[in-house]
Structures are given as C-alpha cells and as structure tokens.
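Here chain A shows up in two complexes: once beside chain B, once beside chain C.
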Partner chain A sequence: MPGKGLLIVRQRSLIAITAALAAGALTLTACGSRDDDGGSDSGSDGTTVVIGVDAPLTGELSALGLGIKNSVDLAAKTANKDKTVEGVTFKVEALDDQAQPSSGQQNATKFVADKDVLGVVGPLNSSVAESMQKVFDDAKLTQVSPANTNPALSQGTKWNGGTKERPYKSYFRTATTDAIQGPFAAQYVFNDAKKKKVYVIDDKKTYGAGLAATFTDEFKKLGGKVVGTQHIDPETKDFSAVATQVKSSGADVVYYGGEYPQAGPLSKQIKAAGVKIPLVGGDGIYSADFVKLAGAAGTGDLATSVGAPVEDLPSAKEFVANYKTAGYKEAYEAYGGYSYDSGWAIIEAVKKVVEDNDGKLPDDARAKVTEAMQNVSFDGVTGKVSFDEFGDATNKQLTVYSVEGGDWKAVKSGTYTG
Partner chain B sequence: MNGVGPVEPGEGTRVWDPAGQPPPPGHRQAYDRLSAFCARHRRAVPAAAAAVVLLAGGGYLFATRAQEPPAAPYPSQAIDIRYLGREGPPAHAPGGSFTFAVRVTALSGPTITVAGISQPYAGLSLTSVPKPPFRTRTGFGHKIVVTMNVTECANTPRNAGLPFLDVTLRNTRAIEDHSYILGERYAHDFSDALQVACSNDPPSLAKRWNAAEIPAVRSAGSHYADRTNRP
Partner chain C sequence: MNELPQQLVNGLLLGSMYGLVAIGYTMVYGIVQLINFAHGEIFMIGGFGALTVYLYVLPDGTTMWIALPLMLLGAIIVATTVAVGAERFAYRPLRTAPRLAPLITAIGLSLALQQAVWAWYPEAKQSINFPEIEGGPFKIGDVTIQTGDVFLLVAAPISMAILAFFVMKTRTGRGMQATAQDPDTAKLMGINTDRIIVVAFALGAVFAAVGAVAYGFKYGQVQFRMGFILGLKAFTAAVLGGIGNIYGAMIGGLVLGLAETMATAYIADVPGMEQLGGQSWANVWAFVLLILVLLFRPQGLLGERVADRA
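Right after this comes the complex of A and B.
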C-alpha cells in the first residue's frame, strides 16, 4: 500500500534527523567533555571457525569446483560482514581433490586433523564423496555436498529396493538426488521431446553409472526402448567406436551418464559420424564448458540440473549481485547457489551451537554442529533449506536445459512434492 | 541542585583524576591537544560539526529513500502443489477414468492464476474441477479434483516411477509451465488406476474414445528468456 509506505518513509526521516542531531550534539560536546580515563580497547578476541571446501580446483572439472569454492567464500564473507555469529569469524580453507577419490580421502583426513574445521562443503563427485564419508563420520565432522546426486550416499545401497537406510549421520546435501533426476530426464525425453529409442552410455563411475541406471529404468517403464548400451573410458577422448555403434543402433537419442569433459567430445564425435540426434545428460554436463567442447553441433543437446535456474529465484537475486560485486574470476556455474546454501547451513549450525552454549563454542563443537545441522532451516539462495531424515535436501527442484545459440537455456522445470 | 552543571569547567570545578591512576601520557597529550584545538577554533568547530550533522542526515535520508518494491517471484517459486489422494469419480465420468485430488497453495506474492492443468501421456486426457483458469488466494489451500480418462491403453505408462502433472501458472511476473512430480504415493495410485482401467484390454487396444471428444494434451514449451549464469 503506497500510503503506508509513505508513512514509513516519513518515520524513517524523523529517525534519521534525530539520529543525525544526536550525532552532531555528541560531536559538539566532545570538545568540552571530560577525559574518562582512557578505557580499554575491546579488542577482537573472537574465535575463528574454518569451513573446509573440497572440490576439483584444477583439472577438467575445475570450472564447477571453482564455482563451489567461490560461492562458499562469499557465504563466509557475508557472515563475517554481518556478524551473523557473534564472536565468530569464519575462514574458508579449500583443498583440491582433482575429482579423484584418493585425493578426496586425503583431504578429508587433513580437515579432520585441523581442530578449527567445524564443517566441510563438498565434494563435487559422488565417487569422491564415497571415499570421504567414513573419515568425516568417525570424527563427527559435518559434510554438506552441494552437488552429489547419487542416492546411495544418503539412503544406502539398497535405496532402490525400498530399504532406505542412512549410512552416515554427518553427511548432508543440498542437491536433489538421481532418484529424481534420472526419472525426470526420462519423462522429459519420452513425453516432451518425443524420443522413443535411446542409446545409453556411461563412464562407469558412481555418479554416471547411477544416473544412467535411474534414467534407463524410468524410460523403459514409460514404454521407451533401449537400443544399445556402452561404457566409455573417461581417460580417453576418442569415442569414434561408440559413435559408430550409436549410428548403427537406430537410436533417436543418446543418454550419457557422466561429466562434460567426456560428454562434449562424445556429442561432437557422434554428430560427426552423421548421427544428428541429441545427447542428453545430467547436471554433470550442465556447464558452459560442455557447450565449448561439443561445438556448434551440440545445439539441441539437453541436460537436467538440480534446482530451478538461479536467476528465476527471488531469493537468489542478492547472491547473484554479491557474487558479481565480489569480483570472482570464475562463474558460479551449476552449483553456486547450492554451495552458498551449503556453507550457510554450516554457519547456521555453528550459530545455534554457540548460542546454546552461552556465546562460546563447546569442547565437542563438531558433534554439536552435526546435530544442529539436522534441524537447520532457513531461506537460502535456492529457496527453503532444510534436511530430511536421510540428510537430503527437502527442496527438490530440477530443470531441463537445452543448448541454443551457444549457451544453455532453461526449457522446463519441475518440483518434487512427494 | 538542578542537575545542570557548567558546560565548560570553571575554576575549581574541575574533577581531578583519582590519585594513583594517571592517564597514559600519550592519551593525556592527545586530550590536551584536542582541548587546545577547540579553544583556538571556537567558531570553526561548531560549524564543522553542523556540516557533519547535515552530511550525516542527508546521507541517512538518501540511504533510506523510498525504493521500488521488489519484483514478484516467478509463480512456480511461490506455489505449492501436493497430492491428496484418490477421490470418487464425478457423476458423468466415462468408464476407464480415475479421479484424485491435489491441493494448490499460493505461498506468497501477488495472485497466481492456474491457467492450465495437463498431463504429458499420449494415451490419457484430463479434466479438473474447478476448470482452469482459476485464481488462487495467497495462503489458502485450494482443493482441485482431477479426472484422467484413458483414451488409448497402448500409450499409457503402466508403471511410471515418477509421473508428472503439468501446470501452467501466471502472475504479474510471468507465465510458466511447471511440472509437479507428486511423489511415490501418486505414482502408485496412478499405476494402480491404469492397471485397472486397461486390465481387460490388450496393450494394442485401439482408442477407447472418439478422438474428437478428447481434449488435446497441451505440450509444454519453453517460456524462459535467454540467460547465462556468468557472474
């Protein structure tokens, strides 16, 4: 209501003038006031809490990894600037896992050894997460991934058989799982894109193989046909043999479970073999680098990714603006909003623990932070952030993107409300 | 004693520092310098302070000036649609149909209109009560009863894991097609209903209903403007 707004502005003006006059009066009397015996500098004897970040900061997946690191850094800076947790200064320490499980495990051990680390954001890859979970859980050190989508990480290996069991209490994630992403992609490909014969390829890794499986399962249930399957070696970039197999299969679409460093060249080589059909993948190929690697022939390729497009979310406006202002060199990429929210979830948990302990961190801060994470609830960049009984995000949105004009464009979003 | 003392200390009115607690020399020197400065510039200091007052007040007023209201959220980000369960069929529902209810709740922002409800499967058609378009009231849960008619068993997903309901939403910000994945309970009820509806019919069954009677299933198109996530 405009009238009410005007009233508020007037009230603010009065407050402003009063405050300014008070400041002026204080300035005027300063010259004549008594010295009050010096006093003491309150000092900054606060506590430093380290938020670890584990992601691929070098190598082929570094575009996604650096977006994660920068976004967590922004969360920490925002909390420090706003003094979100009184007496606590957050510091981010990022380690490079190079998308390798062994490096991820070493990094997890390093984080555990640093007593100032009270939470870790990451990793990007589900296979890396598998190697880290136990190390963190043994130390009761909370871990929040903005990007892992393999369902087994939070729901156990028997999740698809109806027996969901959370393996680690310290593991949380803000991203939606492939239990939804695969079927979501299958529904779009079959019903909207009208593709009925799929050739399924994966990179044999935890994420890629798992996603390809959930896609295939739903595609078949819908009445689609799987006309061929193949695994690729992620260490190679020569996919000419598989491109030939796709050509002879009569497929009208290719589904690839894996990441963009392989997906880009694979798409390019399939089209070069004369097969003008779209390649579809998951969040692992939703990167600007995929578009570069696939080249002009990649137009029409599709990807699903977690969440609604960040630009669509009213809650993300400030994040986008602040990220730009902060001047990070790299884009926030697919997981920027989720990374900020992951970092902020840790900050909220630390805040709860500190407030419950008379403004100080308790001796068993890690265990307390992990406990507090389960009940964290706040309005984040990606919407409401909270975790269910498995540590999975309660906010489950997905979007289909298509390569058009040399960039990804959102074509359809979905929300899981089950 | 009226509580108002001298503005400046007069002779003999100065409160001396307690013995044994002399101020630090540096601090004392700074204070003396400030006092001397004030004494030398008795006119300039108030003028400078007044300027500070004006600047501070002006700055504050500028910072708190009336600003444009924030843009409305995209409708899909301000609405919740939940599966309620199976319902009895409406009075004149054709055989092979099944009925369920969803609850639509606009959570925030300006009025959201449900401009259309559809489903993506070729062998089904859909009607709802109330019939779109209809407006939602923010904060109020609207019960929508949806009836699906099986038109061609061969083109129905008998065992879909996560079937959609496609909803077109409109508010002052945008018009959007958004898929709602209503969860496992909906998937289960949906599959059961299709199994029953098509139980006596071989998969190759021809169309149950005359195609002319069937409302066309709307396909969801892109509604998004160009965007990039570059910082």
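Right after this comes the complex of A and C.
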C-alpha cells in the first residue's frame, strides 16, 4: 500500500517539525535562571543596604561577569570595613543574566521587589540593559553599568541625528560610549596602524552592531575603504564561509563588533584561511579568554577598551592590591575598576542621602539615591568619577591593547575629540 | 580569487559533520519512531570524553598519532555508555507509552546532560580549548584545507562506508532493517528486538562521537552547549534527507551544510537582497530550503526508500 505508507511518512515529518520547534522553545526558556544567590537577610545592627549585581555569571561571557561581581563585592566590603556610611552595612546580591535580555528583565524585577536594594551595578551587555532600564526607572531604582557602551542607552535612539534625549533618569554608566570608542578605534587603525581597507563584521546585537557602525562612519570619513561587511550568527562556531570572503576581499584589517566567544574563533579561522591580518574589536573582546580562544594566531590582534589600563593608574594600585588580598578566584578582567567605581558611586549616593536625613534612610530612599547619583563626584579607581546630563561618565579615556606573547599589552591611551 | 571552490569545501565539511550526527537521529527514529532529542548532548559528551582522555589520561606532550586514536576511543566509549544508559533507563520503560512521553523524556534528558556537564566537568562553564593537530594547512589550487579538517574529511566517508556495509551485509544490520519494517514480525522471526534497539542507540552514539572529535579539531574548542544547536541542525538534516533513511541523513547533512555556506557567501550579492544576506540569515535560508523540500517531497529527499530504512 504505497499510498498509506506515504501518508504515515507525511504525518511523521509533521510530528518531527513540531517536536523540533517545541524542543527549541523549551530549551531556550529553560536557560532562564540558574544561579540565584538566595534572598537577603537583614543585619542585626543598623540598616542593611543591598547593592544588586546583574551580570552573566555563567556561560560564555562569565569571565567578564564574575570580574564585575567580585569587584562590586570588594567595594561593599571596603565600605563596611571603613564604616564609610555610619550605621549602614552594605551587602551584595548577584543575579545571573546569562547575557540574555529576558533573564536580565526577570532579575530587574527581582531587585525591584526587594526593598533593601537601593542600587544595581550592571549589566555587562547593552542588549540586556535595554530590557532592564524601564523596570528600574519605574521603580526609581538607580542602575550603574560598568560596561554598557551603546550610546542609545543614555542618549536616546536618535543620538546620532543631533537630538540627544535621555530616556531614563535612573540609568548611569561609568564606561565610555561607542560614540567615542568606535571612532577612537578607527583613528588608531587608520593613522597609527596604517590600515586602509577594512572588512567589517558584527553579531547584530545592540552592542556589536552599534560599535561597528560608529567605527565604519569614522573610518570612511578618514578616507579608508570598507571592502566588505558580514553579520555573523553568534550561536555558531563555524565562520569558514566568512573567513573565505575576508580572504577574497583583499582587506588588510578586520573590524569585529561583538564579544570574545565569537571573536576568538573568528580570528583563528580567518588566520587559518591564510589571511594574516589583524582583527580589531572593542571592549567586548578585551578579555584573557579572547587570547585563549584565538590561540597563537591571535598575536597582533587589537582591542580598544574603556579607560586607561587599570594596572598603570596610581589610583588603581590600592584596588589591585586589595583585590589580590581578598582572594577572589576569578580575575577582575576588563571592567573590574569600573565595577568597583560603579559600586562606590552607589555607596557615595547612599551616604549623601543618609547624611541629609540625620543618619537614617528616608522612606523614599530609592528616589533620593537616584537623585544623589547625578551629583556624585569622587576619585575612583579609574580616575575622577562623575556623570554628565545623560548619566554618562565624564571620564572618556580609552586605550588600545594588542595581543603580544599570549597577553594583552597596552599600546596607546587617549580619547576621541572629533 | 574565485572563492567558490573554497566555499564548496567549507559547506561540504560543515555538512559532513551534520551528517555524522544526523545518523543517530535517523537510525533511532527508523527503529523505535523516537526523536531522540538528547542525541545532541550525546555528541557533546563525546567531545568531552575525548578531551578528558587528552587532558587527564595521556601524559603531557603525547604525539597526535598516538593521542588521536585514543581520544576517539575515549569519545566513543563515553558517548556509547551514556546513549545505551539513556535507552535502558529513560526510554525502555516508556516503550509502550504514548509517543509524546518518550519525546518529552528526551528533551528532559537533553537538559539534564547539559547541566550535568556544566556543573561537574572542571571549567566547563566556559569554552575549553581542544588540542590541535600540528602542521598544515594544505593547499590544493585555490582551496585551503585546515589540518583540523583533515580528520573530518577522512573520517566521515569511512564511517559512512562502514555503516552501509554493516546495515546491508551483517546479520545484526539485516535484523535492524527487519525491525524497522515491522518490529512485531521481526520478533516472531526470532530477532531480539531489544538488542537491535540498543545497537541502534550505540551506533548513533559512535557516529556522534566521531563527529564530536571532528568538531573539536575543526573549531579548536568544546563547550557544554555545543550539542544544542548542532543537534537541531543535524535533526533538520535528517528530516531533509528523509528521516529513517541512513543515506538520507548523510545527503541531508551535506545539502544543509552547503545551503548555509552558500547563503552566507552569496545571498547578499543578489541585487536587492543585501539586507537578507550574511551568516545571520543563513539559518533562515536553510529552513526555507527545508520547507520547500517538504512541500514537494514530504518524505524528504530519499524518504521513499522504505526498504532500506534502518
């Protein structure tokens, strides 16, 4: 009965497709939450203020995320030890967002629900920040990101068209934006590295695509040529087709807007295809893990990252020493100094609020802290920490790093002045 | 430089890997009509098995000529053990249950295996570097073949040939065909169908393990989530080729790999399609192809060869 056989097969493939979709959906949602650090218990003496941390603590970007968590933890411990705010004990509660916007939003809701939380440091990813901003803003809970660089987060989606408008009053960041980082990289690549033909690749995420666009604009303005563009799928590790295109394009440099889990294999596969040209990226690839994943072929690859190298700043010596003494398992990575400063900015704001209210926390502490954030100013790990009218850091320092001998070496510090 | 030959090779390599993993989906489906969603994780665990042999069993600096066969063996042992264990403890008790029960079990098992590796394998929370094969790359005209790809290039066709021989010529292989056609009659004819089913799971795991070692060498890293996307792709390849048909799985894999690579490389060059090109759209085009194939050939590319199903 061939007819019947065919019918059965047809039903089977239908079942098969439905099942595939179901499995996909299930597995994706199941990635939601994995690592909750439990609730907060109020301290027995004085008031406990919780500083929330939202970052990818597991998964591919966890190297950066754990550095953020530890650095904020160090800030809180330092404040408790020095009794920076009389009568207030700081506690850090870290939630894992797995670099997923949906998890980030869930975490934001959790922080808002816990009344002891007066400020949140994070997230790492600009795309995650987008999903959290409104939740925090509605609750007037202040958020300081040590790592978000997408300009639209603080200056509105029309930031490039001349009409900058701050969408959320509760959002601050200590990192420089890509409106400066991309052009800064372009100037270095064109003027200092003397590369004229670029192949631009991004991962289509908020951060990657935004950075690639600001880089491209400036590179063209300087007289450089874009010989090709490609958008990769961050879920895959097979970039052989892209590497082949880079090879035939005749580019002498590759710019990648994205993060190290893809950038490492991408750099490796481009070099393996026989194209010995450097890959240049932003702060998202400035991680020891990039060097590990790119392997020996990654030597000569470049990254820009926010701020001056923490190790070289006199203001950071104490931080580096304390971080070592505290014995954290993971390195502080690219955003350690900025995370510490973000945490400290919240502590300073809480201090101001408590002092203005006769040593007690007022009832509307969250709104007051957010207000106080705007005027925070102190000498932090990364230099002077304060925020402009958009909530962006006033410190706009950037540094170019290059992979040499299996590690990142600072090449040039500066800023983009237009 | 004409990049077409290189892109074809890229696509064939990617496709061979899909094909190796697709075998496991198609064989198990052909015999017990179960879509074993945990198969992607069997693949992943095979990769970690090979890595374990290299990192913790072999002394540092073992040459690849000795290390590679042992890693392959380690991958096969670990993957087969997990697959057979899954069959025995997760699927066999549900053999007579409605079709959905084992399917959901498979999804649960897939998550459990992923999380187990994530939680207990040292440093598996991030990508772990896989050893590299020294030497290479090899150039043939315009085409560059990476040293890491050579293993895949050799292993995939050999594995396929062995499988075809096994299914067609050996007693167990013919038993598999018989069980696929009609399990009850096969049982009446004296075939131990329980054993046949175990063999199907084990064979699928062996091919997944070969694929996982190839993945490690090709991309230079393994991670706990690597089985998820690759498993879905391999399953798609199995459906594309005609699920239940072992030749279909291989052809489906190659077609899917080529389609993704070609879409990445050339769609953006078609006038008016710039926005729909590039690697981020490659999956979309691959699935458009799948839908088209299923519209005109619901049984998949080679689906009509029911007699060969195994």
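Just so we're on the same page, the second predicted complex is superposed on the first by the 370 of 418 C-alpha atoms of A that agree within 3 Å, B and C clash if a C-alpha of one lies under 4 Å from a C-alpha of the other, contacts with A are read in each partner's own complex, and residues count from 1 in each chain.
As a convention for this text, contacts are C-beta pairs under 8 Å (C-beta built on N, C-alpha and C of every residue); 3 or more make two chains touch, one makes a residue touch a chain.
Here the structure is a predicted model, which is why all the values come from computation and not from measurement.
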Partner chain in contact with A:Ala308 - chain B first, chain C second, else both or neither: first
Partner chain(s) touched by A:Ala410 [first = chain B, second = chain C, both, neither]: first
Greater residue coverage of chain A in the superposed arrangement, chain B or chain C: B
Touched partner set for A:His231, first chain B, second chain C, both or neither: second
Contacts of A:Tyr323 with chain B and chain C, given as first, second, both or neither: first
Partner chain(s) touched by A:Gly336 [first = chain B, second = chain C, both, neither]: first
Partner chain in contact with A:Phe184 - chain B first, chain C second, else both or neither: first
Chain B versus chain C as contact partner of A:Gly383, first or second or both or neither: first
Touching partner for A:Lys221 - first (chain B), second (chain C), both, neither: first
Common ground on chain A, meaning residues reached by chain C in one complex and by chain B in the other: 5-6, 9, 12-13, 16-17, 19-20, 23-24, 27
Of chain C, residues touching chain A in the complex: 1-3, 6-7, 10-11, 13-14, 29, 33, 35, 37, 99, 103, 107, 110-111, 118, 125-127, 129, 132, 137, 139, 144, 146, 218-221, 223, 225-226, 228-229, 232, 235-236, 239, 243-244, 260-261, 264-265, 278-283, 294, 298-300, 303, 306
Footprint of chain C on chain A - complex, ascending: 5-6, 9-10, 12-13, 15-17, 19-20, 22-24, 26-27, 30, 58-60, 62-63, 203-204, 229-233, 235-242, 244-245, 247-248, 261, 264-265, 268, 272-274, 289, 292-293, 295
Complex contact set, residues of chain B against chain A: 7-8, 15, 17, 21, 23-24, 27-28, 31, 34-35, 37-38, 45-46, 49-50, 52-54, 56-57, 60-61, 64-66, 70-71, 73-74, 76-77, 80-83, 120-122, 155, 157-164, 176-186, 219-222, 224, 226-231
Residue ranges of chain A touching chain B (in the complex, touch as defined): 5-6, 9, 12-13, 16-17, 19-21, 23-24, 27-28, 31-32, 34-35, 37-38, 180, 183-184, 187, 191-192, 217-218, 221-223, 288, 308-314, 317, 320, 323-324, 328, 330-334, 336, 383, 402, 405, 407-418
